[in-house]
Amino acid sequence: MEAVQPNLIDVTIKSLIFMGSVGAIFGIALAWAARKFAVKVDPRVEAVRDVLPGANCGACGFAGCMGYAEAVVGDASVGPGMCAPGKADVAALVAKITGKVAPELIPTVATVFCRGDECKTFKRFEYNGVKDCRACMLVAGGDKSCSYACLGYGTCARACPFGAIKMSADGLPVIDREKCTACGVCVAICPKQVIALTPSSKMVHIRCSSRDKGPAVKKVCEIGCIGCGLCVKACPEGAIALENNLAKIDYTKCTHCETCVQVCPQRTIEDRLDPAKEAAPRIKPPANAPVNAEKPAE
Amino acid sequence: MEEKAKDKKFLVSVGPHIRSNVSVPRIMWTVSAALAPAALVSVYYFGVHALLVIAACILACMAIEAATQKIMGVKVSVTDGSAFLTGLLLGMNLPAGVPLYLPVIGAAVAIVITKHLFGGLGYNIFNPALIGRAFLMASFPKLMTTWPIPAGGQMLVDAKTGATPLGILKEEGYQKLLAHFTGQQDMYTSMLFGNRGGSLGEVSVLAILLGGIFLIAKGYINWQIPVSFIGTVAGLTWVFGGDPVLAMLSGGLVLGAFFMATDYVTVPQLNRAQLAFGIGCGAITVLIRLKGGYPEGVCYAILLMNCLTPLLDRAFKPKKFGEAKAAA
Amino acid sequence: MTRGTFEMGGIHPPENKEKTESLAIVAARLPERVVIPMAMHLGAPAKPIVAVGDLVKKGQKVGEAQGHVSAPVHASISGKVTAVGNFPSPMGIDVPAVVIESDGLDEWVDGLVEHEDFMSLSAGDLRAIIKDAGIVGMGGATFPSHVKLDPPKEKKITAVILNGAECEPYLTSDSRLMEENPSEIVEGIKIMMNVLKVTEGFIGIEKNKPAAIEKITEEAGKVACEIMVETHYHRDGMVEDVAAGCKMGVHVLPLEVKYPQGSEKQLIKAVTGREVPPGLLPMDVGAVVQNVSTAAAVYEAVRFGRPLIDRVVTITGPGIKEPKNMRVRIGTLFSEVIEQCGGLTDEASKVLMGGPMMGIAQADTMVPVIKGTSGIVALTGEDAAIFDIGPCIRCGRCVEVCPMGLNPGLLGRLIETGRFEEAKEHGLMDCFECGSCSYVCPSSRPMVQFAKWAKRELAKKKK
Amino acid sequence: MNDYIKITSNLMIICATAGLILAATWASTEPVKVRKEAQELEQALKGLMPQADSIQAVKDIKIAGKECKIYEAKQGGNLTGFVVSSYGKGYSSYIKLLVAIDANNTVTAVDVLGHAETPGLGDQITEGWFKDRFKGKSLEHLVVVKGDTQTDVQAISGATISSRGVTRGVKDAVEALKAAREGGLK
Amino acid sequence: MFKDLGTIFIASAIINNFVFSRYLGLCIFFGVTKKMETAVGMSMTFTAVMVISAALSWLVYNLVMLPLHLGFLKIVLFIGIVAGFVQGADTVLKKLNPTLYYKLGIYLVLITTNCIILAVPVINADEKYNFMQSLTLGLGSGAGFSLALILMASIRERLELANIPRPFQGMPIAFIVTGLIALAFLGFSGLITL
Amino acid sequence: MSDSAKISYGKLITNGIFSENPVFKLALSLCPAVAVTTSVKNGFLMGVAVLFVMTMVNITVSIFRNLINPKVRIPAYILIIATYVSMTDMFMAAYARTAYREMGLYIQLIVVFAIIISRAELFASKNKVVPSAVDGIGMGLGFLGALVLIGAIRELFGKGSLMGVSLVGQNPLLIAILPTGGFFVIGLLMGLFNWIEIKRGGNPSSGGGHH
């Protein structure tokens, strides 16, 4: 070690000059570069990206959150409310940043329109292959007795970017309404198209997708809609209509009066005011028991 | 509905509806069987404790695999033989005299960290048995380099330290090693028949060769890796002025080239890529043997090439039908 | 000229043809009822042109082709239409179909046109006859034959190849037909050569069918000198067909026994040495491939005016009590055919349309024989065990056997984890689902299902 | 222009302040560090040559490509021996050594100043019992032997490479000293 | 001389690889190896910056600071050079070649927080390397880091297809892989020590 | 987080230690986490050094946050960090020589620790002095805690001792104090924390990389 005897004043002056000139050189160079090569970036893009949830789920229809941020800032025709998982809060923030008007969003949630679990339907054949609903579709359209039914191989559950779907013990997806952000990924991926987004405030659903005629449905499923039309007649609000042998609720009219729930002979219509029950594992009901035994009479 | 559900149901799947009779368990058990003669030879030379070491490795691997799969909630598949084989190979990679907690630790590392953290059979990047060995080597270097002397026959290594031929070569040079034998011929034959110190699986080159050739003949392994691996070691050793025959016969080379550098899971799939893999293994082995801190480099060479496997898989792709013509 | 095989990949599954290879073709019982699907071919389904209650004769058109890539459908028995609607088909989905109840008379429709001197017909006429007869590929792909015989002008076709490989295990329908009706087949290829103005025809047959090779060779030898019609395009735009002396030659080519020797691209390679590049068609290398049964059907249609209403079906496998080769009317239910072969054994657990490699497993035997039904194979417990699908152990066997030079194991795993686009980059679209990879896979991975699934998802996305 | 001034002054001020602070820190810590380093070295040298009352650097040499020094130890003006600083390539590092050598070129003591060998294995080279193995060894006995030996240097079992590294460093030191003395260093 | 440079290069690139044998540059190593594309981008950017800053640092350190006895400012200066250089490159690239900027620009900022970028000039200074040796060490460590990144990216791409238990997905398994690679690199120990 | 009025100091501290732990959650400043954690003591010293630098940098940046031109923000912050690090380095070289010898290079490398610059950039440059200091302390403590935890495990397995007190025989599992073992310990700990989080119904951040 060279024994440089530090002389406080000498060292201080030297380092002041040295560092000062280093700073000056860098400063001038950087300032020159900053001015000479200035590019404008829109800071709003980053601002928007920061408020987006960052799940990159693609519900907005753009390539990830950044894609949407760029689009909503750069393109006047892109609305601020397209991020479904972000719900109204994010829409409002995005609107604020971009100066656009936030649309009024009706919060929605995913609902499974099939109750034909393993106990209420049967398998047409023994399936041997990839455990994925889309792959199972390739094999004679799936092994469920009802050709409209949920196949139960859980593709939606694996696809949900928010972990909102669990498969029940007897093979139907159960949606956690708290976690679901209505991103629509499951809706798009289900090969049987039995999932749809419904207004979160509405709890009465006709959970069947079969467009078969009544007798055909009865052959393959214990709980399917047979298109008998009793609910249509019974609904005091006129909210239900039959379409292709399947009853459908107009959610703008439904008032949760539950009349339909009680008249349905198949017990297809379900009231989910108490979602906890949905998750409870079911056991196969005895042959003659009411199909929906675990449901409290209302 | 009830009635219909009771009908006898056909099995439906996408084709093909028949399969060849080669299955994963069959492969694994057959490879294990091919290794059995070598294991027996080492038990003959090293005695009961060798048997205990091998058995401990196998039992630990299988038990740990079953337990891990239980805990992770996946199908328990110990009967497929891959854990058995990993255990057997791990045992063959240890010195005969190690205390029996080493096999258990090695097995845990091989099965849990190297295999199941990656998703189990088929997904691991590194050779489990070799990682087990490298881990033990790093943790218990003294125990792992204490070589008991083979019991059978006249002994060929320094009775005091029980060093392996490669160890002697590294420490004291070729002439000293030769001095342990009556001549070069004697040295080669002793090595071939296993009459020497070393890990359990190093001792009988002949038995391992037989097993390896059996596997090649059955089509369970390709010739590419063993040939290019051993060939490169011999060639490079010769180029650098060593004894190529000794290089081929010593250390874990033959075991590694036939049974460990051929583990499907951790080596490239294509034949051309396998040639490159074997050459790489050979080059690193020679580098470590000649210049490195360790007397033997096979284990590390294979592990290092394991790292390169995904890259080799990227670099070598099968030639598509019609593609060459399209380019022309 | 060639090696008589494709080089890359391929497998040797047990042939299992011995039960039926020497059984002569027998005619099946006239069915009481047939279900005639409108979609028995690739392309647009035909449109029913009969209504419930109509009386139809054998050979009468009941479905009209919709567009160029489509084919008409004909009644295979005479009787009354009892239903028009959706019925299960052996392809696994419900399709529109016409149900005909037999009147037991089995009468041909009137007005079938015969042509004794069919070799002097013009290409256009021949094509029209073939299209009208509803002829589609009978090797399994069911592609409308007239489309293949009508390539765009800029594609110069130089070889017509008949596919007599029949590389699928169990099946013997083509080999029986070659043995029993060689002349029909050779006449058929001559017609097609005439349509395409090709002087060289090839018939590729796997070497495990020596009798068929012998018979066909004998018949082909007679072709030596035939009249052929050439189309002359005059400068003023006039088109004229002119007879042009002896030019034709039909060569029989024994092929190595190796699956999938019968696949179009592999057969072309085996016969001509040319490789069809990825994404292109056989006609891009100047070849047209037709199945031998298709050739026979073409002859029937041109010579006698008879549309395609029946075909030879091999009913076999360990699950069939009395295996047979039968000529079956299109639309006959599998159950009826199987019953004529003594029925299914108790162990039968899987019923296939087609062979065990490419065949389609049936959920039910209440489905009709269609134009592409070359066989009905019933497998029993042992052969049809549930495949225990394991993880890929990267053994590379699939890479070795893939005749297209793909990495099926990688493709499978990419698809399993939802990376369809990546699979496409790795050549998914070249996979023709031969199943060689799954056959050899020690982990029984369902690569063909993966491939089908990914292709479907990609098609969906394109829309 | 505003930007120029702002950015430049920004950086200049920060740099200058940093320079100032660091200069001050350095000026106050450096003497301490230098003193302590010198003390440490002196202590080490003393430890090797306890009887000497003056130990002076007399020559700069190079061992293993690194800068080393030869020190002369004197007791009341009489030469008692030399200390040579040296390096030897070990298992995972260059091991920094001090070697005390008497006038007959025999090693009298060895000290390990620094190394990055494996804890538990290579780091046993710092243990007294290992360092003692060099005592009284002349050039021809500075070879590593595995297994029992008194005449040569016995390797630490499990750390032969480190042992060899130290031995190499010691041997180089003796050789360097010998060469230096032949070349005129008394 | 050349042998010496060769040794430095091989040692820093492979045998004493900064990531696997010296455990430096880990943040970036784990950060950018999720995809091969980013790994390659980072490799190129990093190597370029590494070589340039090694050269600049050497010049300033040996020609200005040592004569002035200002060695104690080396940390400030070395990192200052990197930061200033990176900031300048960032600004210039953004304007001159936006495509390249979008490809590589994101890595530039990250480079300032990479241990290797500082460790190399510090080692150059501590070992008193000459100019060529310093450049070689810069190049070698750049190449070694690139090797590590590309290796890891290829492994992680394969891991994408593996069935890794959920708690271990992402960072944890990346650590385990690196540990295993480092275990394999133990085989090189005793070869060359820098 | 830019609105300092609402931040609770306790939250800031726990954030740094748990939910945004620099090592286990943010995966930042990993080199020392692997390299110097062979014992509790080393981990602790390194952690303290970082804690000091981090707090001081946060305070300094916060004080001068309005004077620094945004265009040279990063170089400016880095210079500030480098100054504190150099100071630490010099003080340790003079007064903590044994520790300095063991951690040598890594003390100097604190300069480039992404965690420090990112806190300066993300927090201190937007907040008042006190919250910035608290944030620095929280993050620093998180780092310190992580290093001590890793150090403890490695020391226990690798040396058979804890804080220098020998518990078991010599080197029960030597690999633990080799860097290789450092990777394993960190990887397994991260996995363990994720597992706990999953068990509690959470969605583990898969470890984000830099930033």
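Just so it is clear, A, B, C, D, E and F label the chains in written order, and each chain counts residues from 1 on its own.
Operating definition for what follows: a residue touches a chain if its C-beta (ideal position, glycine included) is under 8 Å from a C-beta of that chain, and two chains touch if they have at least 3 such contacts.
Nothing here was measured: the structure is a model prediction, and the numbers come from that model.
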item	value
Contact distance in steps, from subunit A to subunit F	1
Labels of chains that are neighbours to subunit E and to subunit F	A, B, D
Per Cα centroids, the chain farthest from subunit E	C
Distance between the centres, which are taken as Cα means, of subunit E and subunit B, whole angstrom	34
Cα-centroid distance, subunit B relative to subunit D, in whole angstrom	44
Centroid distance [mean C-alpha coordinates] between subunit F and subunit D, Å	33
Between subunit C and subunit D, centroid-to-centroid distance (C-alpha), Å	86
Residues within subunit F bordering two or more other chains	71-72, 75, 79, 82-83, 86, 90, 174-175, 178, 180-181, 184, 191
Subunit C residues counted as touching two or more neighbouring chains	361-364, 386-387, 391, 446, 449, 452
Subunit E residues counted as touching two or more neighbouring chains	72-73, 76, 80, 84, 87, 161, 163, 165, 168, 173, 176, 183, 186, 189-190
Pairs of chains satisfying the touch condition	A-B, A-C, A-D, A-E, A-F, B-C, B-D, B-E, B-F, C-E, D-E, D-F, E-F
Contact set on subunit A toward subunit C in their complex	124-126, 128-130, 132, 134-135, 137-141, 143, 147
Of subunit D, residues touching subunit B in the complex	91, 121, 146-148, 157-158, 160-161
Subunit B contact footprint on subunit F (complex, rising order)	173-176, 178, 180-181, 184, 191
In the complex, subunit F residues that touch subunit A	71-72, 75, 203
Residues on subunit A engaged by subunit D in the complex (per definition of touch)	1, 3-8, 11-12, 14-16, 18-20, 22-24, 26-28, 30-32, 34-35
